[in-house]
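Note that subunit A is present in both complexes that follow, paired respectively with subunit B and with subunit C.
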Partner chain A sequence: MATKDILSPLPGTFYRKPSPDAAPYKNEGDVVKKGDVIGLIEVMKSFHEVQSDADGTIASFVAENEEPVMAGQPLITLNI
Partner chain B sequence: MTRKVNTLFIANRGEIAVRIIRAAKELRLKTVQAHSVADTESLAVKLADVAVNIGSPAASKSYLNVEAVVAAAVASGADAVHPGYGFLAENARFAEAVEAAGLIFVGPTPHQIRMMGDKVSALEAAIAAGVPTVPGSRGRVETPEDAAKVVELTGFPVMIKASAGGGGRGIRVANSRDEFDRLMPQASAEALAAFGDGGLYIEKFVASARHVEVQVLGDGYDVVHFFERECSLQRRRQKVWEEAPAAMLPEDVRARLCQSAVNLAKAVNYRGAGTIEYLYDETTRDFYFLEMNTRIQVEHPVTEMITGFDLVREMIRIAMGERLRMRQSDIVMRGHAIECRINAEDPAKGFMPAPGTIESLTIPGGAGVRFDTLLYQGYTVPPFYDSLLGKLIVWDENRDAALDRMQRALKELTIGGLKTTKPLHLALAADPDVRAARFDTQFLEAWLEHRAAMLEDH
Partner chain C sequence: MAIKVVSPGLSTTVQDLGRPGYYHIGIPLSGAMDRAALAAANLLVGNDESAAGLEVVFMGPELEFTAPTIVAVTGGEIPPKLNGTPCETWASFAVKSGDVLSFDFLKAGARAYIAIAGGVDVPVVLGSRSTYTLGALGGHEGRKLMAGDVLPVGVASSKARAGRSLEQKLRRKTSNPAELRMLPGLYWHRITEEAGKHFLSDTWKVAPEADRIGYRFRGGKPIDFVPRTPPFGAGSDPSNIVDACYPYGSIQVPSGTEPIVLHRDAVSGGGYFMVGAVIAADMDLIAQLQPHMPARFVAVDMPTALAARKDMNAQAAAVRASLQS
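And then the complex of A and B:
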């Protein structure tokens, strides 16, 4: 099966949840559609949604919750 | 009682850390700079005598971590801790932890931080000191009879707010008694539906308010003021452009405003640098207490430019136990100063944050120009903290000359490699309303709606 990485569009801090007490947007094994929100990037105190740019199933999270990431760094690997 | 201080620990980052290091060095203190892993290459780390790693990039794991910061300060052998602004600067628990560890906190007492940090106790302190506050119900209005009594006092227009609301939600403005009687039941029902609590409070509505604030220094006994600043140009409640003095303030109002700030600070035996913020209604010439900030503020340099005092150096001296070195009569203002906040944001794209690497840098100079910054050529601005890159400050004999000087200095400033808010400031400095000081706290957001296109960086 082919895989595809969802890359961080911005440098910053990656969050898997919309707020600290909320459930994660997505978990391993979840089916995602293009345009689904898979996480947030906090950059300079502002929050930006990260959307999937493909349809697929989440194989693994490459970046952990609250992990510092660079622009272009893989966040999630999808099976497509 | 004076206490000998040899080493100052800086519990902050960015341009204010650089500012504090400079003041400390002029006092012949050794400087220890706390930094996160992401700030290893920061200008503050390079300028300080010693640098200490206090944790991961996320502020919650470094600059906001009370235990880690206090432990690092103690281990560094520092005698005093300067909190800067933001982060832990107005955290009473942090100030307590610093003192409990036997170190000096450069700022007010934990009690003063707590009192002014709480909206209700701050308002009570202001009222007790005779400082004007926005007329209103000062709490929930329980019956229509109580509501009627309140509006007799405030006059119209009035603002009806949901007790449980926030961020502008659940606010209505009534311009007359008829409108008020119609809106009250609606507002209560709506608040009940939205927040599960129909409680309302009522406050006089200031339609066109300007933001003015008074700088004070206290030593725990005496208090002096350094006149006022105006910070009406705001975007999303963030100050963008600040001036000193407030151009439109009549001399008699200025005297009453500054005296009221001194009265409040004196009433609480205030220690350190503080700012009392007010709303100013230009049409009625009334000013109303908003809050007191118990720290040095971002825009303090405009006050330094018109008075000639170094506020950061003075706050360190006060922390060392010195009494105020100036009397009120020694503090005279001259000319006009303006500060533009240069942020790593793209004003042509909704102020999208723009971290990156500084490929080239030209810092403006010449008479009356100051640039407080965290930048140097080759530095990579990390994405984890706020977007302030530097503050361009100019002074000149009067406001018109200061505006011309600001335009000249902005054109000299070049920051290559990332987008900044410089184009916004160039446009503001040339705007007829800004030049005439015709603005209020709503001005900038309305202005921006029509001008996004002209803010392309060239």
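And then the complex of A and C:
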């Protein structure tokens, strides 16, 4: 099966949840569709949704919740 | 001639070299955070170096041109693509009607500048086309660009041509870790000798909150203050002062924890003490710092700061001479 990484479009802090006490957007094994929100990047005092750019199943999270990320860094690996 | 905003990027704004003269009434300079990069982009497309262009931060927009023109992209490495094909930076290139300029992921630096022959022709407000978003002033409707916006472009000069390029040695590179030269002073006496030492020796990291108003840093040791009885009008926190003017580049450290360097959209005054100010010659450098990037503050004296400013002006003159020929 082929894999594909979803990359961070921005440098900042990666969050897997819409708010601290909410459930994660997605978990390992979840099916995602192109356009699904998979997390947030916080930068310049605002939050930006990261959308999947492919259909697939989440194989693993490469970046952890609250991890500092750079633009172009893989966040999630999808099985496609 | 106009530019259609297909997608706006993270926070793309119209900026020129700023709106001097109103800081005393609370309206900051604004303008390109990396002034040298905008000036070079303008000269590449035959504009006056103070023409309005677009400042792109971290993530590029997608722009469609409604008529043929000449464009240049400078500054941080957010690689531009024309109709999907990578194009050269620090160089002028021709676009046709209907061409789409888009950008790849940020590779280095933080801000890119797009100049279009004729300049972005939004209305002049208080002498400048720069966007001051906090005050909803200038630029395109006083805000960052949104999808669907249409930006008017002025008339290109006779000097506009494709294929002009700035020689490598005149393009500024960012260093890692960044070294920001600062002039200690203002309220330096408020901190202990030990705190002053580690402020300068610690490696700080750019906080994700850093923006056009102020660049915040964290990761260094908290600052200890010289004990005092708070003067009338100052708060009880040891980092509070009786309200004072905030210079551009001034470094405030609220509660002694996270230094904030005020930048082009600075607030003009307030009640936090400042350990000093980043020198004018290093302000452009800050514009190219990404979140989490390491940075150090290096203390210099006034003659060094003035010599650095002279070097900066000499560099600008060399760029001008090279591109206006």
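Here, the second predicted complex is superposed on the first by the 80 of 80 C-alpha atoms of A that agree within 3 Å, B and C clash if a C-alpha of one lies under 4 Å from a C-alpha of the other, contacts with A are read in each partner's own complex, and residues count from 1 in each chain.
The working rule: a contact is a pair of C-beta atoms (placed from the backbone, for glycine too) under 8 Å apart; a residue touches a chain by one contact, two chains touch by 3 or more.
Predicted, not measured: the structure shown is a model, and the values here were computed from it.
Student: Mind checking the superposed model to see whether subunit B and subunit C fit together on subunit A or clash?
Tutor: Clash.
Student: Counting residues of subunit A in contact, which comes out ahead: subunit B or subunit C?
Tutor: Counting residues of subunit A touched by each partner, the higher count goes to C.
Student: Considering only the touch criterion stated at the top, classify A:43 as touching first (subunit B), second (subunit C), both, or neither.
Tutor: So A:43 meets both subunit B and subunit C here.
Student: For A:11, using the defined touch cut-off, is the partner it touches subunit B, subunit C, both, or neither? Pick first, second, both or neither.
Tutor: both
Student: For A:72, select first, second, both or neither according to whether it touches subunit B, subunit C, the two together, or no partner.
Tutor: The answer is second: A:72 touches subunit C but not subunit B.
Student: So the two structures are superposed on chain A. Out of 167-175, 239-247 or 257-265, which stretch of subunit B collides with subunit C?
Tutor: Among 167-175, 239-247 or 257-265, only one stretch of subunit B overlaps subunit C, namely 239-247.
Student: With the touch criterion stated at the top, can you tell me which subunit A residues are shared between the subunit B interface and the subunit C interface?
Tutor: In the superposed arrangement, which is not itself an observed complex, subunit A uses residues 10-13, 42-45, 68 for both subunit B and subunit C.
Student: Quick one: which bits of subunit A touch subunit B in the complex? Just the residue numbers, please.
Tutor: 10-13, 42-46, 66, 68
Student: Using the touch definition from the top, list the residues of subunit A that touch subunit C in their complex.
Tutor: Spelled out, the residues of subunit A in touch with subunit C are 7, 9-13, 42-45, 48, 68, 70-72.
Student: Enumerate the contact residues on subunit C facing subunit A in the complex.
Tutor: So the residues of subunit C in touch with subunit A come to 10-11, 57-59, 105-107, 110, 208-211, 290-292.
Student: Touching residues of subunit B toward subunit A in the complex: what are they?
Tutor: Listed in rising order, the residues of subunit B that touch subunit A are 38, 56-58, 344-345, 353, 355, 383-387.
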